[in-house]
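See structure below.
Order of writing sets the labels: A, B, C and D. Residues in every chain begin at 1.
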Amino acid sequence: MVSLDQLKEEVKKALSSGKVKYFIGYENIGSGWQVRPAFIRQPEDVDRLVWTPACFHNLVRFLHDEKRRRAREKNPDIRPVGLVVKGCDSRSINVLLQEKYIERNDVYIIGVSCELTGVINITKLNQHLNGLKPQKVLFGSKGTFKVIVDDREIEIEAPDILADRCLECPANFPVIADVILGEEIKRNPGNRYQSISAYEKMALDERWSFWQQQFSRCLRCYACRSVCPMCYCDECVADSIAYAVTAETTADEKAQKTRWVERNPELSENIFYHLVRAIHLAGRCVDCGECERVCPVEIPLRLLNKKMEKEAKELFGYEVGFDPAQPPLIACFRDNDPQDFIR
Amino acid sequence: MAAEFEPRIVAFLCKWCSSAGADLAGVSRMEYPPNVIPIQVMCSGSVSPLYVFSALSHGADGVLVSGCHPGDCHYIKGNYYARRRLALVKKLLEYIGLEPQRFQMSWVSATEGVKFSQLIYDLVKELKPLGPQTKFRRNY
Amino acid sequence: MMEKTILKSSFPQWIKSLQSFKVFIPKRENFGWELSSNNQILEIASDYTYPVVPPKKLIFPQEEIFFEFEQNPDNGIELKEVLPEESPQVIFGVRPCDGRAVEAMDLVFGGSFEDLYYWRRRRQTTLVGLACHQPPSENCFCLSVEGSPYSEDGLDILLTDLGDRYFVKALTEKGEKLLSEAPSLFKEITPKDREEKERVHLEAQGKIKRHLNGARELPEKIKAIFDSNFWDEESSNCLRCGICTYLCPTCHCFDINDETKSLAPLRGRRIRTWDTCQFPDFTMHSSGHNPRPDRASRLRQRLAHKFLYFILLYDRFQCVGCGRCISLCPVGIDIIEVLTRARNHGK
Amino acid sequence: MVNNVYLPRIGEIIEIKDEVKGARPIKTFRVRLTDGPIFSFRCGQCAMLSVFGKGESMISISSSPLVTDYLQFSILKMGRVTSALHEMEPGNLIGVRGPYGNGFPIESWKGKNLIFIGGGIGLAPIWSVLQTALLQKDDYGELMLIYGARTSQDLVFRSELQQLKNQIPVHLSIDVAEPGWSEFVGFVPQNVLDKKPSPQNAIAITCGPPIMIKFVIKALKDLGFEDDQIYTTVENKMKCGIGKCGRCNIGHHYVCKDGPVYSWAQLKELPQEF
């Protein structure tokens, strides 16, 4: 079991020794059981920290903000930022290292093992509780969750309410960390591509009608992009003006910027945005599932990323986020990459 | 009777091989259907997935990316990168529900005028029965 | 004003009688409730809460075409105004907060420059409210921002669920017209109906769990802490996505862009789309200078707009307490908590 | 019939003049409206100009309201729309809607001395007031212009400035010395301190880059100007021009509708988000 006391102790140590600039972990929202990212700046604030099955957020994403802040400030404090990471999150750190977006000493990593469980899916939890309101959601012993409802304790088998991505997770243990909490327990992830198999089997037009329905709902709030640990581009095809505009950017450069995607939320533009995002995440997405979780109209974005993950593995033997030294998927090739589709 | 549907194919052809192959087909007076809108690029490796999506969103009925045969790339490795990247694009497009015939890749060398003209014959033949590509096309 | 009752069993007939209207009724989707006009649904489900995307989208759609432009053969430019169709619509199941939100939006799109597109749709829209018998969300706080679960503001009709029937209060001419489409379905009210309605209203009020105390003190407070680092700390986990604003029933900010269909001859259109103060490029000058360059200033803008600027302009909050921004925020930014902390900041 | 505020009128560019060349070019455009006379407006008001297919840009009107044959705009090439405007030729058509904004309260300045202080393209909005005051010279007291730019080649309205020198005191400046330059060298605020305009019965109207405005105001305060004797214009990104799209606000003021003209007495009370 991951010990919360130990987590607090480690964070306190890191903060009081001045080793980290600040620490990002999780805290409860209000007096409820749900959690949100917490920025801990003082050692005495570590008591805000929690570690529960509702800690689904991938905190690696906040390293983008830190990087931008450093670029803005004249004399930035360049001490590492401390993060709590799960197995999946740790893989996204590896991708950022691999892409040289960050350096290893930009981040101080406290890894936590998901052991036999992972994080929950709130919809599944609510369905399971059938109208009852949870007061607390905790890790149980050996692959269960403990939910307190009406001051009563309910034990739920993990697979019943685990987030889909946890059911298909190949890394329930951090792959890169400075400190690791919890045990490394081997777990059979089962079919890693279970969620997409039904869609792969669909007839072409059936698939189209499914995706058409999904994409036509998109509001283009860009929450999927905003929450993504890999969406750090200074310039995105979806923006009207890129952040990359500076005082030195010439009028001609601005005028000639190609507008790939129009701002209207019609199907064609929504598809364009999501296709670009999917292809840009190929070989980079670690399936932390955040994009799908935050979507207010529940577009199943994991299904896109998972498909790319599967193709990268099957076509090119490529696994994302286990080795910070491996070259990015599309910045390398093998002589015998498949080419039976080429005429 | 309505005129037979003529698909429009946007073809991204690398300058060194495929574009030269298309030229050879032209100067050798080989006939091939006029359905192709050729766009010369420096290398198949420079074809961003954005180009492919953009062609489809602007109403292309088919998209072709053609480069040098493996080992022949003017820039040594460009076509290998293209092969990997566009394989993913192809898988993604089909997964969303686009007919596989609509996105194609080929290797055509500067001497393969015959291959190029035959390829275009074949693509047009395969695309005709599918009708216009409306899935990704802008309504406006 | 006209008060009637209608049996729930008669409700479908009423809907069917509205032949000349496009009728929107809440429909359950996998992501929540949506206002749908698919003509299949003839009643409001008993477990209906509120639509994820508020009714504003039917009056202020995410995409509005202003006009089309076309270069003519002698190089002139023709503009073709594209106005919303003349088609009356009825929206059922508008929660009182969302009705008040439409009223707030009326203020923005009215005034010295009347927005033709907005008013075309608005005038053709009849809002049939449904009083909440319990809060649609655990983050509802309408009472704190001068609303209530049975507020009539902005609505044409307010329905109150009395179990087997609805108490129907027509508030405007548009509302009365809707009743007159099927007059035989509506019954005169009895004192008991009225009593029951009052009871439902009062009970609903008691079920609201969340409160933002002293909201009227906020304008002064926000002004006082405008330049403090309070906003930095509060926005530290903001992702700068558009959820809180796109799904806010009162947020009205938009962008205008030209889209070209053909360059020669030039052909295209000018469209309006939703935009949000939470995107960095919203205020970025062409030079790259950005008056609201960070998440702190953008969070402050969102809250100050709702609890300071709108009050200065119209003497009312631009927040109706629906709680959507709280429930849907991916990182738990909670407008009630932030404003409560703002109120206590420096104390 | 309600007027559709978003539908522009069609304007024809009748004259284009190169003011400044180089990397930050400025051109002056004169525009007539094809469907009738130009709209009436106040000094300091703006118009939303469209290049169809590119979009719209809010530009201040630099001609005087007393000139009714055309509208004049001096435009720095900066982004998508202004670049497209710079590509245009006389005879080309653009969209024009407006006028927008509050304008300068010049009626209340009658009998007063007016000191115009501009930097770079910032001369454009105050040019309208200056021209009006010149045409109605009897209504106002002494006029004075203090104007500067990075280099002599960045000064706008160069030929007009030479003529203006025959009518009113004109104090030019450039940031760095150049061969042949006989006037002030230094920043505009320094020139203000050097020329010491008197606050007595005076109004100072300043426009230019934000940093210049900031220091000009400081200089004017040092010279004894009261907050309500200093007027400036603010600019922010705009889309609708009519106070609805929500992006140009500083506090509860929409710059497009309630601005762009503010006295320092008003502006200093607002959040400094511009």
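By our rule, contacts are C-beta pairs under 8 Å (C-beta built on N, C-alpha and C of every residue); 3 or more make two chains touch, one makes a residue touch a chain.
As the structure is a prediction and not an experimental result, all values here were calculated from the model.
Simply put, of C-D and A-D, more C-beta pairs touch at C-D.
Distance from the subunit C centre to the subunit D centre is 39 Å, each centre being the mean of its Cα atoms. Distance between subunit A and subunit D, defined via averaged C-alpha coordinates, is recorded as 49 Å. Between subunit A and subunit B, the centres computed from C-alpha atoms are 35 Å apart. Averaged Cα coordinates give subunit A a centre that lies 31 Å from the centre of subunit C.
Among the residues of subunit A, those in touch with two or more other chains are 254, 262, 266. The residues of subunit B that reach two or more other chains are 140, listed in rising order.
Looking at subunit D, one finds that residues 78-80, 82 touch two or more other chains. Chain contacts in this assembly follow no simple pattern; the graph is neither a line, a ring, a star nor complete.
Applying the touch definition to all chain combinations yields A-B, A-C, A-D, B-C, C-D. Interface residues of subunit D facing subunit C in the complex, by the touch rule stated above, are 2-8, 10, 50, 52-56, 78-80, 82, 93, 95, 210, 235-237, 239-240, 242-252, 257, 271, 273-274. Contact residues of subunit D toward subunit A in the complex are 23-24, 77-80, 82-84, 86. The residues of subunit A lying in touch with subunit C in their complex are 29-30, 34-39, 57, 61-62, 65, 217, 219-223, 225-227, 239-243, 245-247, 249, 254, 262-266, 290, 293-298.
The part of subunit A that touches subunit D in the complex is made up of residues 250-252, 254-255, 257.
Listing the residues of subunit B that touch subunit C in their complex gives 140.
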